[in-house]
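Presented below is the structure to which this report refers.
Every chain is named by a letter (A, B, C, D and E) in the order it is written, and numbering of its residues begins at 1.
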Amino acid sequence: MTLSNLPLLSMLIWTPILGGIWVLIAGDRQEETVKYFSLAVSFITFVFSVILYCQFDTTYAGMQFVEETKWIEAFNIKYHLGVDGIALPLILLTTFTTILVILSAWEVIEKRISYYMCAFLILTGLMNAVFVALDAILFYVFWEAMLIPMFLIIGIWGGPNRVYATIKFFLYTFLGSVFMLVAFLYLYTVAGSFNIEALHNAPLSLTAQKLIFIAFFLAFAVKIPMWPVHTWLPDAHVEAPTGGSVVLAAIMLKMGGYGFLRFSLPITPDASLFFSNAMIVLSLIGIVYIGFVALVQEDMKKLIAYSSISHMGFVTLGFFIPFAIVAGTGSDSGAIMGMEGAMMQMISHGFISAAMFLCVGVMYDRLHSRMIKDYGGVVNSMPYFAAFMMLFVMANSGLPGTSGFVGEFLVILSSYKASFWIAFTAALTLILGAAYSLWMYKRVVFGDVTKEDVAELKDINSREAFILFMLAIVVIMFGVWPAPIFDVMHVTVEQLIDHVLQSKIL
Amino acid sequence: MIEQIVFYIFAGLLVFSASMVVVMRNPIHAALFLILSFFASSAIWILLQAEFLAITLVLVYVGAVMVLFLFVVMMLDINQVIVKEGFTKHVPFGVGVAALMVTAMGLVVGSDYFLSDRYIATEQLDPNYSNARELGIAIYTEYLYQFEIAGAILLVAIIAAITLGMSKLKINKSINPNKQVYVKKQDRLRIIKMQSEKKESEA
Amino acid sequence: MSADLIVALPEIILFALACLILIVEAYSKDPLHTLTYWTTQIALLITLALIMSSCPKEAVIAFNGGFISDGMSAILKAFMCGITFIVFLYSYEYLKEHKTIKGEYFVLGLFAVLGMMIMASAYSLLSIYLGLELLSLSLYAMVAMQRESESASEAAMKYFILGALASGMLLYGISMIYGLTGHLQLADITEAITNDSINRSYLVFGMIFLIIGAAFKLGAAPFHMWVPDVYQGAPTSVTLFISTAPKLAAFAMTMRLLVDGLFPLVSDWQSILMVLAVLSMGVGNIIAIAQTNIKRMLAYSTIAHVGFLFLGLIAGTIAGFSGSMFYIISYALMSMGAFGMIILLGRNNFEAELLNDFKGLAERSPWFAFIMLCLMFSMAGVPPFLGFWSKWFVLKELVTSGFVSLAAVAVVFSIIGAYYYLRIVKLMYFDKAESMTAIKASKQMRMVLSVNGLLILVLGLAPNALMALCLSAIAG
Amino acid sequence: MITLPEVLLLAALLFCISVAGIFLNRKNVLILLMCVELMLLSVNMNFIAFSHFLGDVHGQVFVFFILTVAAAESAIGLAILIVLFRKKNSINVDDLSSMKG
Amino acid sequence: MFENMEIIYLIIVLAPLVGSLIAGLFGKVIGRSGAHWVTIIGVAISSILSMVAYKHHMFDGAAVYNQALYTWLSSGGIDFQIGFLIDPLSVTMMVVVTFVSWMIHIYTIGYMHDDPGYQRFFSYISMFTFAMLMLVMSNNFLQLFFGWEAVGVISYLLIGFWYKKETAIFANMKAFLVNRVGDFGFLLGIAAVLMYFNSLDYATVFTNVGQHAETTITIFGNEPWSLMTVICICLFIGAMGKSAQVPLHVWLPDSMEGPTPISALIHAATMVTAGIFMVSRMSPLFELSETALSFILIIGSITALFMGFLGLVQNDIKRVVAYSTLSQLGYMTVALGASAYAAAMFHLVTHAFFKALLFLAAGSVIIVMHHEQDMRKMGGLYKAMPITWLTCFIGTLALIGFPGTSGFFSKDAIIEAVHHSSLYGAHFAYYSVLIGVFITALYSFRLLFMTFHGEQRMDTETWKHLHEAPAVVTVPLSVLAIPSLILGAFLIGPMLFGEYYGDAIYVASKHDVLAEIGHDYHGIGGFIMHAFKHPLVLILMSSGIFVAWLCYIKFPELPGKIVSKFGFIHKILLNKYGFDDFNQLVFARGTREIGQLLWKIGDVKIIDGLFVNGTARSVGIISNMVRNIQSGYLYHYAFAIIIGLLVLLGVFVHGILN
């Protein structure tokens, strides 16, 4: 098998980007070609990621498939790629979601279809790149570059208030990341290199760590997003086209989490310890506060956006629980559980939120409204759709047997090890999550039809059915068989925990 | 001693005329005061043993530049411009700032540091010392390069002055034969069709 | 002596050619001045070639220390010629389009370039001053040249008065330095400062005047006031010119004065520049937000960029200076593209100088909308464009020299700045076009502009070469 | 016997007067040009003083060049002034404010 | 065939799942009959096999089977597994669940005969059977929680089966959310277990439980709590949700909005008893915390008594049965509290049969009455539908604990057990269950009389068309009637006093009330005689019947009078003690208010308005201010330069700042 010596990671990055460029050149004239070509590209990318998964050595903690070539010798910045157990699942998530996004745009996007496809393909490439970049500057370049297509996607195909939303999105995330850049530059003075692994081992004083942690925090907390820097997300989601919302919720948010794992925790372990309580509190506020806010949303997309924020609260909680556990019990048992739970939560939320947004998209394409009050009794006219949506709603409220359950369950279990009250507050999501999800479902899907345009709704066509079906499969599969994801990340996470629990202060 | 007196006389004159230049409302007066200040300063320069430059100052400035100024003033018959009074209420403030600046600079340049023996002028130059020759040698050997640049600058000044100054605009009535030759009928003459009038009654 | 002539060959040839072209111009009846234009361009290319060919390994000082030819001067000169070449290409389009074409424009342009080159390789205060004047005088004239427009002449007047004021300051500074050190030649000055015991604060006194002179040329706050008015008032072709090559010259001058001349005072001018840098970034970025005229907006963005440029100097290291050099070069390339875009959109007796003229460009011409997008994101400092690397470079050196907090301040301002660049992208892509009039511009204009835009992207993807060049230029 | 500080102070005073003239005068651009000339004059004064007291000719050379440039400068300045006058029919400084903000 | 029971257990679990999936996914293809056949066969298989397993364990005395079959995931050194623990406890539950479910499948054919969602319904109930089996057969907390949630969801789906009915979809959301509150506690309990035992496996936990008997933790302030109490109360909160104990009972009455078979299967026989089962399963833990036990005892008795009262004033036939279910669940809980787990399980089993029977009977009445559920519009039906009447009568007898019926044994046992219990609150519990007996008799016979006796109050049109329900309905009725009648007699001996449960249930000797009763237990006859020797219970019961007869047969106007006399109390009862209003007001509205507040004030006003957009706005304002410096006047520009010069000079030459 010669696959092993292919530059898989580069292929993951550049295939979609080049494909996107081709699409742009092809232009809107050959619309069909564009669509099918984009689909093909996204599918090939997915295949690459699957090959990557199959070839991945789950027993090795470090970086695999490493590619390293000169880029900027002047400052030995390298084109340095590699993948480990944390990045791999996210890559799969990315490539998989892209296919669905491409499909979901099929008949929906009328204006500038080629731009649309191009934007998404390039975005995919960049997102993959973010997950595999092993050079801080390389990472930063991709991280920022990613904003451009997203900015355009929201701005061009977005809703009425898109300009406000997209500029808010851009500046907000930009604000966060520039401080990260400064932090990188500072780290360079310490480590003498931008190589992330080198940064992991660079000794740092506590104050330095604190400052760096805050800089990273600004970048990643905004991205993930954590309360109170979350307000860009609902706007962005509401205005974004379905595909945009999907990518935003399914992958972009995860980058914040990835950032915490890749940078904040290993580079500034002591500061992470120092700030862990604050982070936990913020996460808990996020979970509960946002849960309440989600409850009263009248706009479905807003509601799902808020629920995303609250779910991401679990991610951050899981990341910082280990410190609390060690501080509390003195042993790190359960720390791994929290971390892995958080990882799992990211993955599954990727699928579920994608599914939810696609569901809203399906309705929006028919009625051009996202308002809950404009619906009601959808089940009567769209039974199949209702069935799918029920599944996803349940998954969203963390039902055992769906992927949504695994992450929350593990995080709650491990957070109990830290403190009863943390677990208590976190577990409130059981009630709140169910409340907002089901209440929306009740108002939208159940009930008798009161509006005639709802009565005339056409049930999902085969394309939409296929998309939702794929997601349903995945959601259930990882619900009953989460092993594939966990096997991949065990070793890496363990090693990460070991690394994080040692002080870096000299 | 005498030098000092002379210096102060001219210095006073210089300062006075300079400030008059600023204060004067009528540009012609201002120009004349400027000339006066040039004279005064050239005198001081002579005290400082820069004869050549002193002469040049008078020749070039008073002779050429100031004439140019006056010429322009006349040409633009400024009178219509200076109806309103020159200054406005901001004057005291401005003067205050100026004073502040004087102190800020004076504190440095007026300090005894410049009395140190680094700055002792040679009292008596020998009789057959020629300031002009000194300069000449310097300029045409050491500063050849800069001299050339100065030439370029003057050239640019000429070009600029000419291009800006000479006005093709209204005055110029010359015609362009090319255009006349290439004129076609349809450029000048347009034949339009229109229905013959009808009366409302028929319509 | 003849050796000196060899070293200064590019300048000499350029001077000669300029005079030649002046004669050609004088005798040409062609209303389009085609001949003048092409000869000018050829002259530039010849000079460029000469510079390339005579790129020195190590610094050569000529004309009794009035002239130096080193890596920095060579590279800057090369870029000056190259950039001016493209600028003239754009300008020619513009002038033809607006029927205000004049042969003198190119001649004066050439003299300006000569002035810049002199500044770039000036090694004594006198040559710096003369080079500066040669440049400025030509620029004043060029600004005023479009005599039809009121604003042009107003701009010219403001530019002239303030410029004179600034050069007066510069001269006073020079006189002080001269008086304190007794030298005009930069190396001697450095030596004098280091060896003789000269009252430092008096030196600083003189230096402040020098810095003001330089800061004025660069357009750093609070000496920036002329920039917006001149950029707006001057004909776009001239604005284009002013905002590109002369910036390189001004940078060179700053380097000569502060680094070659007054490096012993580094700690002092670092802190002075810090003040100017923060002010410039603040004023530039904040006021730019409120602008509706794109030329004016870009003027303020220039001010902000100068603030960033200073950061590299503040770092006070070889790498830092290289960073600034990298910054100014990439800035020149970007603003060349941006103003080129304005020229491209302009039509006969219509200047596309309002932001709203960019509305819906993506529908009118996707390709140029994309080019503009590259330029804007590059100016905002978003990777993978060149602008990011320039910011990155100076910030990195700044942080390396330990000015972390200053770097933080800088990035905050860069975020504020990002907003108004985004606004242009928003206008181009998210808004409806008011008129769908197609873009009429000559083929080479389109081509060059495209190359210009793509260059920003390509250099953004592979900045190494340029970085290495700048590093070697300063170090070598 | 004249001392250096005296001359320098004179020059500084001249400098400040001219500068004040520039930002105090609100009516007549011509006078601005004259102030510029004054400023150069003060600088020249500085140079000459220094060259005298340092016993070094370079200062005077510099002055020579300044004079040259100043002449060129004033020529261009006046040319611009004329153009301006043609446009605005006034050389009132207050009228030079069509561009602001 | 007993070599590899594993296969059998798997089949037991999976058969209903398969049936459900087929019916659900390919409902259109296989059609109605296909749907009910496939599901019924599925359930039948698992039911029969459960009986086989029952025989295998109870009669052939096979060893307890405890195997993990599948590792769901392992994280941080802890394996989360899916596995079976088959012991007397679970095997009994299996039989009950599968059998009742089977019957109800059959019954459904008749009941849902002309419903559009026929296939969907069958798919749901088979799925439910699967989930319930997972729950009872689990050998670890995770799977327990999994089944726990699963049955909750399916009951949600089934209550909202008629999704057009506003009441139905309100009821099902209510049910789910209330259950979630329970699960909230349950999950915390599980988390606590994991924290201290580092395993979710029953066996491991129960064997190591001794180590933590004395462990205390601090939750509020720093006053120590017994770990076991915390764990047990958390777990029991879960049970309260599922088994509808006060105050989490509110969902059960509303759940009657669902089709009757559901009410029978889920909300009477099986799901609601999951809590009881769970507590019995956890007996080793509960036995270590008397606090928890008394808590359970008190909650149970409150439920038993006060929910009974509510049964008196209901006119909806199903709701009466529902409230009786509540109070019966209360009885079981009381038994648990008194550590008489066996009695609780015993009552659970008998109750499963006779309550299912009652529901189905009510259901068949409802069909015949064309989905009319108001008892005031019924009466005298016994002529028209004898079988229904008879079975219903049997069910009623069993419910009120008429001597000899299965209900009698289980309920009496509970009362005795409580009587002997010495825990805090035992007396209160004892008296409540005693009064409960009277109440039970009263409302049960009220139902019987109002429905089947007295004059017919329905319009003649309906009266003409009255007829006995179809066989698919009557057969299950009859089949269920038999165990309701006799099952108790067979089970009481072994189940309460014999070694029936083996080690499945652990009772600390000092709590072992059943043992005390056991001393003077001499066979069924003796038990019955004992009841007659101490006739208090019987008296209460018969007086209940008598009062019912007075009010609803002799003087039908009497109830009206009483109501008018005690209008206040009647109102309270009608308002169900105001639980619903309270929840609506405080929780439902409260949360929404908070949400609105946090959103409109917190997010929109403060975070967005003040900070995010506020910053942007202020930058804009500043910019518009600062740009005025650029006045366009030359002298201002010059002035700026001079100021700059002065400042620089002042700071860096004259050192003003320092």
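Quick note on the criterion: a residue touches a chain if its C-beta (ideal position, glycine included) is under 8 Å from a C-beta of that chain, and two chains touch if they have at least 3 such contacts.
Just so it is clear, the structure is predicted and the values come from calculations on it, not from any experiment.
Q: When you check each chain against chain C and chain E, which touch both of them?
A: Touching chain C and chain E alike, sorted by label: A, B, D.
Q: Could you work out how many touching-chain steps separate chain A from chain B at minimum?
A: Each step joins two touching chains, and the minimum needed here is 2.
Q: Which chain's mean C-alpha position is the greatest distance from chain D's?
A: E
Q: Find the most central chain, measuring centrality by the gap between its CA centroid and the centroid of all protein CA atoms shown.
A: Going by the distance between chain centres and the overall C-alpha centre, it is A.
Q: Counting only C-beta pairs in contact, which chains form the busiest pair?
A: Of all chain pairs, the one joined by the most C-beta contacts is B-D.
Q: Taking each chain's centre as the mean of its C-alpha atoms, which one ends up farthest from the centre of chain B?
A: Centroid comparison gives E as the farthest chain from chain B.
Q: Just give me the whole-number Å value for how far the CA centre of chain A lies from that of chain D.
A: 65
Q: Could you grab the centroid distance between chain B and chain C? Build each centroid from C-alpha atoms only and quote it in angstrom.
A: Centre-to-centre distance between chain B and chain C: 27 Å.
Q: Just the number, please: Cα centre separation of chain D and chain E in whole Å.
A: Their C-alpha centroids are separated by 97 Å.
Q: Report, in whole Å, the distance between the mean C-alpha point of chain C and the mean C-alpha point of chain D.
A: Once rounded, the distance between the two centres reads 26 Å.
Q: Taking each residue of chain D in turn, which ones touch at least two of the other chains?
A: 8, 15, 18-19, 22-26, 32-33, 49, 54, 58, 61, 65, 69, 72-73, 76, 79-81, 83, 86, 96, 98-101
Q: Show the residues in chain B shared as contacts by 2 or more other chains, in ascending order.
A: 94, 97, 101, 105, 108-109, 111, 114, 118, 142-143, 146, 150, 153, 156-157, 160, 164, 167
Q: Going through chain C residue by residue, note those that touch at least 2 other chains and give them in order.
A: Each of 126, 130, 133, 137, 140-141, 144, 147, 157-158, 161, 165, 176, 179, 182, 201, 205, 228-229, 290 in chain C touches at least two other chains.
Q: Pull out all the chain pairs that touch, please.
A: Chain-chain contacts present: A-C, A-E, B-C, B-D, B-E, C-D, C-E, D-E.
Q: Touching chain B in the complex: which residues of chain E?
A: Contact set of chain E toward chain B: 639, 642-643, 645-646, 649-650, 653-654.
Q: Using the touch definition from the top, list the residues of chain E that touch chain C in their complex.
A: Spelled out, the residues of chain E in touch with chain C are 619-620, 622-624, 626-627, 630, 632, 634, 636-638, 640-641, 643-645, 648-649, 651-653, 655.
Q: What residues of chain E sit close enough to touch chain D in their complex?
A: Interface residues on chain E, with respect to chain D: 627-628, 630-636, 638-639, 642.
Q: Spell out the part of chain C that touches chain E in their complex, as residue ranges.
A: Per the touch definition, chain C meets chain E at residues 157-158, 161-162, 165-166, 169, 201, 204-205, 208-209, 211-212, 216, 222-223, 225-226, 228-229, 268, 271-272, 275, 283, 286-290, 416.
Q: Which chain C residues qualify as touching chain A in the complex?
A: Going through chain C, the ones touching chain A are 377, 382-384, 388, 392, 395-396, 399-400, 404, 407-408, 411-412, 414-415, 418-419, 422-423, 425-426, 429-430, 462-464, 467-468, 471.
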